[in-house]
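Shared chain: subunit A. Partners: subunit B in the first complex, subunit C in the second.
On to the complex of A and B.
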């Protein structure tokens, strides 16, 4: 760009603005930045390469390499008794949890937003604090015990309930923000015309806060879809296990791992969250404004 | 706690809900939270002072053994080494790895729009959103001794990363896995730093370090603290390393979550495991309280 003279003086004496050393440093820092970004790109892309190549390789190995293209590997999914059914289990767990979380959180958030309950803010912060402290990892022992006593071992409903309990506080918190931001005038006029609270909820509040409900729903699905620990602890046997657990058993159990199956299954299992992410980021922009929560 | 039903008739809220119905709206969510967050937390405390086991005599009628589990933990070599490994894991992968790399990426991309930024951000975010059992296998494949892509690239076949350097492996893995959050948080924070201030500092001859120290950091201090506390909390509770090394070899990557799992659920010592869990809960509580206090203070000054 600029004429970079080689005679850069010692860095310590401050050159006046616009002189050559500043330009040199500028060019160098630009180059440094590109090199750094390329390294970052390499670091983050490298582990993902295998996921992109192996499923389509005629003879998949553990090394990522240019595939000799085939779609035959996907037949391995049909041959394995648990591959496709585990994805269905994941859908079941994710959908069940999302419905429960969105419904219960919306009801609670609406009540907290519209009615002056004493100690409301303290309650909300207390719940949020609780949900960030009481993680599945820190309470796996009592959760297991509890599930055992409530007869929820090996029950998908048990997994759904436990996951919902963990997600609800943050969901209520997010939805209350959405509810607080919507004007109450529609509700008031609907009430004047004799609508019942549940009607108002269904026909006025829900349509208005739909973006909030969608946000919480997507967030719940993403959380459950990848969750390994809770179903791993509670579900026995592969019939009810979701994809997260089946994936783990595929590469840990028994002899030589079937790479055709592993690679295609990984891809199929990853695809929904990847698509969801693309959808969300193209529609709403995947950014933080100020700060917040995963 | 909530809903003293003194209100006569409908409270003056928009939908005419009234306290009674509002309480009704709260109940389903609160029941789930009570049952699956509050009860487990409280139960951890109780279980931690018993000799409860998964099977055998102590499973039928557990006895209260007081603080035995805690004194045992203190003298247990395996617990102490697990604690040290956890500290390494949190410091290495969250504080240094995720926060450092996340900031560096956000800073390098700060005034950039266009395909390069989208590409970098896309890959960083992808590693964050993929299911953990999938990325765990991707890393096992990457680091494989014989056929791993990393060894093939570096031209050093036969290096058993997961056996020889298990901690380093899971630290780098978790850095890769979680940098996205820090990157996005710092990207948002850097938008609060006026470009003109940076420009002025640069023209005055300040180097990158000086700019960061004198211009950037004072303005994003709150974000840095938020970031460090949240990622420390998450990393401390991360179970994903279990999917890669399962704590091995020889417990050399056995961080606390994995340790609890092995002692309590594989080993069947639920009482002892609960005691360790309680220690984890306390550590979580400390991190979370520091975080909340800080948020409160920031709100006051704002």
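On to the complex of A and C.
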């Protein structure tokens, strides 16, 4: 280590005539690399910058610019009858789905991890493959039909059930990995001390896999929060529509996208998920493992 | 009070593996009992069946007066310490130790007191608020023991209690464990694959193979008089020498050397037997000795205060250079090691060699040891 740091400067201090072009090329390649990185960074940062500035601008455009500061946009948004309630609707849907997904995925993953089921892995991968179809566009017609027959049109429960169904396989897959990593001797030890299955679940399994439960919960909320298609098709009126659907209605009378409302609403729409992520991350320190062994 | 009785205990796994085969065993109250055997012999299954973590396919398990065969683990009044200790990582040492009491619905204050008291007994007093992840292997083991002790079970079950510790710590923990068991006086069954551990710790040992018990006895019995060639080969840090022997003219012919048949053994001429003697009970000399087996030194392994010498036996009547493929090992005290390639003789000490017919011991119980030793001393002078 120490010899390396000592010899490295000595080598550059000795600019032999033949090495100059090499050094120049080195500097140029470095400049090129940083320019490229800046371009990529700018590509991803600009929309976020727009999100930070546009809501406070009197006349927002689709470009990010220094705002002429105002809070009028927020006042205008509050005048919209559905804006705030839609955020609450989103919370209902997200919370309901997250609770269902975490509960059932935890139970299923525990069982799949502990009980030998023939063809278990095939079952898991099959479910995982199919789940991307369940909430996808292709199955929207049969799902609508199903919801209609079950009298679940224009019902939050219907949306929650369908979204949960779509998320469960991946959630089970992620949680099974956490369950597998928990030694069975923990549970056996508790059993010998006389703990009931429910006590084992409450005292041992849930606390041990808590980071996994937090991961899946956050992931479910984020998924529901961003889902447009399912609530758009299944919920009829704007009273129950979540934020993702209401955003679609923010137009001016002229039929143009109302950038003032849209930008302001976008900011409000993205804040809860970002805050939740920070909160859960600091509380449980979850890491996304998704099928990867720790 | 809390003896363990097993009657024709059988465990067949769904895949058809017969882990326990109609096993009978009695473990006395307060005894420190070892289940010893190679991996896959069923010793862990036996322990888990006593704990109730495996259900017996047949037979009965009694603990004390109670038949616990059909009871769930929690109602058998046993405590088990797992090989990986199974300490709950999200609980402090105190909560871990108090967990059995929490299940028994002891109130929080009494639980904390009991945990602190138990922890103090095991020298864990300063660690109560730590998490298992912050403890050393030895400390984790003691926490696991404390947790098992906290609920005052009738029986302790220990699965490979020392195997997760490094070599130095293992010796320390062995002494600690034996002392603790003596002080508590609770019937304790432990599983090990390490014969030295079993000999050192246990009051009695059951040596298992293929789901059956091959011998039960005190460490001395099992070491001195292995009931069969399996136990003979398994017990002892250097396994017993087992050499083919044949009866000729009322004498035993072992690798071309004639040896007397031990007292009390009925033999017929031409019969094939196995002659067994421990390396510790063989004396090595560089000069021809009567009643000694001749061999060529192949390997000398230095083991500190003594060396383990392997010789390829060369029958006296066989041509030189012919190796019949039988080798014996002999323990030689330090400073008297032969060099590889030397020719040497090994002389069995009287009264220490055993005869096996079809793998089962036929040498009867001692021929009193003292006169035998005296004649041996006399013969040497």
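In this text, the second predicted complex is superposed on the first by the 229 of 294 C-alpha atoms of A that agree within 3 Å, B and C clash if a C-alpha of one lies under 4 Å from a C-alpha of the other, contacts with A are read in each partner's own complex, and residues count from 1 in each chain.
Methods note: contacts are C-beta pairs under 8 Å (C-beta built on N, C-alpha and C of every residue); 3 or more make two chains touch, one makes a residue touch a chain.
No experiment lies behind these values; they were computed from the predicted model shown.
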item: Which of subunit B and subunit C A:127 touches, first, second, both or neither; value: first
item: Which partner reaches more residues of subunit A (counting touched residues only), subunit B or subunit C; value: B
item: First (subunit B), second (subunit C), both or neither touched by A:188; value: both
item: Partner chain(s) touched by A:237 [first = subunit B, second = subunit C, both, neither]; value: neither
item: Contacts of A:207 with subunit B and subunit C, given as first, second, both or neither; value: second
item: Overlapping contact positions on subunit A, where the subunit C interface meets the subunit B interface; value: 185, 188, 190-191
item: Subunit C residues within the subunit A interface of the complex; value: 51-53, 72-75, 78-80, 82-84, 86, 88-90, 99-100, 102-104, 151
item: Touching residues (chain side subunit B, partner subunit A) in the complex; value: 1-4, 11, 13-19, 21-23, 25-26, 28-30, 32-33, 35-41, 43-44, 47, 101, 104-105, 108-109, 116, 119-120, 123-127, 129-142, 144, 146-150, 152-153, 176, 179, 181, 184-185, 187-189, 203-205, 207-208, 223, 226, 233-234, 237-240, 243, 257, 260-261, 264-265, 270, 273-274, 277, 280-281, 284-285, 288-289, 292
item: Touch list for subunit A against partner subunit B, complex; value: 11, 14-15, 17, 22, 29, 33, 36-37, 40-41, 43-51, 61-64, 100, 103-105, 107-108, 110-112, 114-119, 123, 125, 127, 129-146, 161-162, 164-166, 168-169, 172, 184-185, 187-188, 190-191, 197, 200-201, 205, 222, 225-226, 228-229, 233, 243-245, 247-248, 251, 262, 266, 269-270, 273-274, 277, 281, 286-291, 294
item: For the subunit A and subunit C complex, residues of the former touching the latter; value: 183, 185-186, 188-196, 199, 203-204, 207-208, 210
